[in-house]
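Got a structure for you, written out below as structure tokens; questions coming shortly.
Labels A, B, C, D and E are assigned to the chains in the order they are written; within every chain, residues are numbered from 1.
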Amino acid sequence: MHDPRVPETLEGWSVLHQMFRVRWREWEALGESDRDRRAREAAEVLAGMQQGAEGSTVPVTMLGHKGDLLLIHFRKDFEALQAAQLAVARLGLAPFLEATTSFVSIVELGLYEMTGRIHQRLAGQGLEPGTEEFEAAFDAEMKEQEKRVSGRLWLEPPARRHVCFYPMNKHRGEAKNWYAEPFAERGRMMLEHGKIGRHYAGRVNQIISGAIGFDDWEWGVDLFADDPVVFKKLIYEMRFDEASVWYGEFGPFYTGLQFSPSELPKYLAGAVPALQ
Amino acid sequence: MHDPRVPETLEGWSVLHQMFRVRWREWEALGESDRDRRAREAAEVLAGMQQGAEGSTVPVTMLGHKGDLLLIHFRKDFEALQAAQLAVARLGLAPFLEATTSFVSIVELGLYEMTGRIHQRLAGQGLEPGTEEFEAAFDAEMKEQEKRVSGRLWLEPPARRHVCFYPMNKHRGEAKNWYAEPFAERGRMMLEHGKIGRHYAGRVNQIISGAIGFDDWEWGVDLFADDPVVFKKLIYEMRFDEASVWYGEFGPFYTGLQFSPSELPKYLAGAVPALQ
Amino acid sequence: MHDPRVPETLEGWSVLHQMFRVRWREWEALGESDRDRRAREAAEVLAGMQQGAEGSTVPVTMLGHKGDLLLIHFRKDFEALQAAQLAVARLGLAPFLEATTSFVSIVELGLYEMTGRIHQRLAGQGLEPGTEEFEAAFDAEMKEQEKRVSGRLWLEPPARRHVCFYPMNKHRGEAKNWYAEPFAERGRMMLEHGKIGRHYAGRVNQIISGAIGFDDWEWGVDLFADDPVVFKKLIYEMRFDEASVWYGEFGPFYTGLQFSPSELPKYLAGAVPALQ
Amino acid sequence: MHDPRVPETLEGWSVLHQMFRVRWREWEALGESDRDRRAREAAEVLAGMQQGAEGSTVPVTMLGHKGDLLLIHFRKDFEALQAAQLAVARLGLAPFLEATTSFVSIVELGLYEMTGRIHQRLAGQGLEPGTEEFEAAFDAEMKEQEKRVSGRLWLEPPARRHVCFYPMNKHRGEAKNWYAEPFAERGRMMLEHGKIGRHYAGRVNQIISGAIGFDDWEWGVDLFADDPVVFKKLIYEMRFDEASVWYGEFGPFYTGLQFSPSELPKYLAGAVPALQ
Amino acid sequence: MHDPRVPETLEGWSVLHQMFRVRWREWEALGESDRDRRAREAAEVLAGMQQGAEGSTVPVTMLGHKGDLLLIHFRKDFEALQAAQLAVARLGLAPFLEATTSFVSIVELGLYEMTGRIHQRLAGQGLEPGTEEFEAAFDAEMKEQEKRVSGRLWLEPPARRHVCFYPMNKHRGEAKNWYAEPFAERGRMMLEHGKIGRHYAGRVNQIISGAIGFDDWEWGVDLFADDPVVFKKLIYEMRFDEASVWYGEFGPFYTGLQFSPSELPKYLAGAVPALQ
């Protein structure tokens, strides 16, 4: 049943963020040819994960102590994510990677406006929620939408140098509670929230994924930009947004530089790897 | 004494969730025949834990860093759970498993409607709570209920691919407090909450277990589905529920793929294990 | 000075809860005769700690990952607790025990009713708090009480199979604050709270200890029962209690099976140890 | 400028609390003569830290898992604290000590009454805050105070057996906020708070140190007593205090037995060390 | 678009705080000449990081267990920060450093007054926010400002002995919420806040950096002073400030002594290193 309180969502890639600390000390203790061999194997495996329609994997070298290496896997389903996780676990490099954290989610488009419009249209046709007719008509509309936005559900990761990832919740407090707000109010606030993002169009790309039922936060946000100051300006401005002021709860922030899989050996030899 | 503020509960399986990280690095360092032997022994022990009336054990390969392997043990009592825990601790595989977390609980049916009805019926018979007659009559009614629902208390774990586990509490805040709500209000909210679940009937199976007195959250929820998106849709929809909006507190979420014990060696050799 | 806002307390055993994880992997790596020797030594030391008037030590095998072995030491004072802690630290078994957590407290009887009654009685005699006469009379009354309840201050640990331990606080919030409630209100709530406990008399034994000044929670609660479902029912029912609804804050819960010291070698060899 | 909202403080010893777990397992693995040598060296270094005017170091054997050994260093400044920290880090015993936590602070006297009185007196002389004259007069008054109380700023640690340490904050909540209370209200509450302490005079000694700008809590409290029950009674009684009810936030509590440096070898050989 | 709710910010150095624990035990186990060689190499690398226009690195020996060594890297961009992080990770000293935490940020000037003034001035010229003219004029004004304050954006780290670092947030609560306050109110509070800082001019230097989008707190604060008591006095006084009372949330505090790179070998040999 399509519950009129709930914004419809459309789903795309299954996503796994894996954060690793590099055990530099033990890595350095290996002989050079051994390091070379393992680095090249890992680079090849990562390069092989750039498979277009089957998904891709984005490598990021991170700033700070939360991790050195972030891998963002986009895959068709959880089976394929599990396969990616196992493939990484079995690299010759794996003994030198220590998992510090992770995030499991599915790329998601939340459709406040569209949901409201479909409910109105079907009501205008005299259909009632919960009836077979209503539900079938609603499903048909959603299928239509899905086709229209499939490019955003199954997108290619943006080839920009700087990456910012953070998870977030909508606040469910005793006084301020997102889920207790009427649908129209939530829709209005999300619309206003989206407008700020649009001022930054061209300077930043954003991927939202839903994690309810999969991980400890409700959503994950990935931002990609050429200049990292854009992350700070954008998120600071959004903080003055009604939706964020009262309802935005933010988890840890992870920041780093995207690079090309072929640069991995360079990185493991101590140089900042490039994005080609 | 049957306290009219307290919904009666019926109890079934004792349950232990064990989350483990696989020490891949040390596992890989073993010789192949040694790995084979340990993997086969573990697979046999797990297979031997599928004992029907004595209980069963569900193996799950997990996504993300919170653990690689989840074992869900269903047993007749805590003695048998302890035996299962010790049996796992002494596997040849055990030195390569690192316990990351766990959850101790007992399968539970919370009976808001039934409790209300029995109190009414006995009041209608002129019986008063606390009197011997009342208590005996109440106990007899509960015994009857227990027979009726024993299939749900002592169920077989659903053979579905995707598994989602999370613990939860009912909020006890300064303004919003589940335990301060009148019985009838709580009953009404739980009824509405249950209705959402029923929209998903056929697509998801749910096992609720009670952990008050045993672990750090009040309840544990296990969901089983063929398609993991169902977890996201169901839990998101429930979040708009009055019982969840104000009173639902959710712990960490664990997600993965159920597999057959006989597939364990395949998993330990790096392939995604199947559910047969 | 006896402050009329403060319920008097009487103190008995000093108590140390020690939770340990067994390093099964390293334990198994020992030769069999070495394990035997260390297990027997540990069993003897634990058995020697059952000294009646000098105190005793309760061994518990725990469910879940928070620990495998719980030792509850009851001693005459902190000097003797420290000696017990050092004795355990120096067992041949100690290198295979990893301390996961602990709790330091003193068995305590909180005397709301009695405190109120003594204040009234002395006021009736025209004595005023703070005067030497009042204080001496009060102290004399307390000495009397102490004799009367010494059996509960210096009790033998109940020989029941299932054990549940948890720490707790009284809430000190901005709106609801236990310590801001008038003495009479607190007394009334504690009385009602105690009544629930009495419905479970015979099925469960309870030891309350005070930890203010010693550990991170205000009190510790140990429950002993033949059937662990009783823990769940009792604590769930209490949660609807006014004192718990608004003021009860509960820490982590630890659950397990009490066993006899002589069964320790059996446990360390992988079998569920018995309580004889 | 002397801000009339802010109580003046006077500063004495710089203080470093260091909590260590003893790696008993690795310590025991040393040969006896090696242990002897390292234990004697550590005892000598600790004994050498009892330097009167230069400061002193208090060794405490702790109850529970938060640490085995607590060292409280009192020194003239941060340079000398850093030297003490390095001296401990380089002991032959150091490889067998694992730092579990620490606390950095400076002994502090908070002068609510005095601050109010000086402001009044200078106002009575027609001086205005912020003027050069006012500030100079104020500074002169404070110098005077400092001489008067220097014994409490540069005290010798009390030679009592039982030690209790905990950090604390004043609550800064949305409804109750210490720093939003008028100076006079805060002064009144602190006065009342101090009175409870005075009922325990003779039975307990207290050292307050300020940690704002140095560590994660605003103050640290060290209590010293012959009987540890006094800690429980005192802190419980204070909890009913207006200043504590609404504004007292307490961190972890650490408890143990003070001992003489010369007893360290005895302790490291497994016996409870004495305070001589 | 220049949103009138948002204070403009100007950005300077990219900053990475790295906190390390020294593995003294393993360091001491090295041969003396090996230690010498590694210490000298590390000292040379750190000295080479003092590159003026390219940035610099401040070494600090820390008090307490949160870390022994703090390195504060100031660089032109994230590429250069990543290079600094990799350079440290590959020192011969690196295997003896364990990262305990870190902080990623960019030096920031928040311009409440200026933002308000520019908005007013452009309004006075009849320009409207969002129009091309307005935005261009605003950008031009900001460029002007940037030149004027570039000395504060690209400053040299102050050569003072004592260092204090802490991260902070502006509170976003259900009742008190910084981001819901009108621009003018926020501006007024920040002005008052700044005045306290000015009373301490000459005695303390302060560097503010913004971490929104980069790390888990919104800002980082570095203070430098000759006398550490100044940190305590300043931060205590600020706590009575309206902006701090209701909106200041403070993270962990880190304290230590700045030293010269050339003193590193002395430090690693156990002596307190000097600032030359």
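Things to note:
Heads up, the rule we're going with is that a contact is a pair of C-beta atoms (placed from the backbone, for glycine too) under 8 Å apart; a residue touches a chain by one contact, two chains touch by 3 or more.
Keep in mind the model is a prediction, meaning the values are calculated, not measured.
The chains that touch both subunit B and subunit E are A.
Contacts with subunit A and subunit D are shared by E.
Rounded to the nearest 5, the angle that brings the Cα atoms of subunit A onto subunit B is 70°. For the touching copies subunit D and subunit E, the fraction of interface residue numbers used by both falls below half; the interface is of the different-residue type. Chain geometry summary: the mean Cα position of subunit C and that of subunit D are 29 Å apart.
Centre-to-centre separation between subunit B and subunit D, using Cα means, comes to 47 Å.
Residues of subunit A in contact with at least two other chains: 174-175.
With chains as nodes and touching pairs as edges, the resulting graph is a single ring in which every chain has exactly two contacts. The part of subunit E that touches subunit D in the complex is made up of residues 22, 24-25, 28, 61, 63-66, 68, 162, 164, 173-176, 196, 199, 223, 228-229, 231-237, 239-240, 244-246, 248, 252-253, 255-257, 270-272.
Subunit D contributes residues 1, 3, 5-6, 9, 11, 14, 16, 18-19, 77-79, 81-83, 85-87, 89-90, 94-95, 99-104, 106, 172, 174-175, 177, 179-180, 210-216 to its touches with subunit E in the complex.
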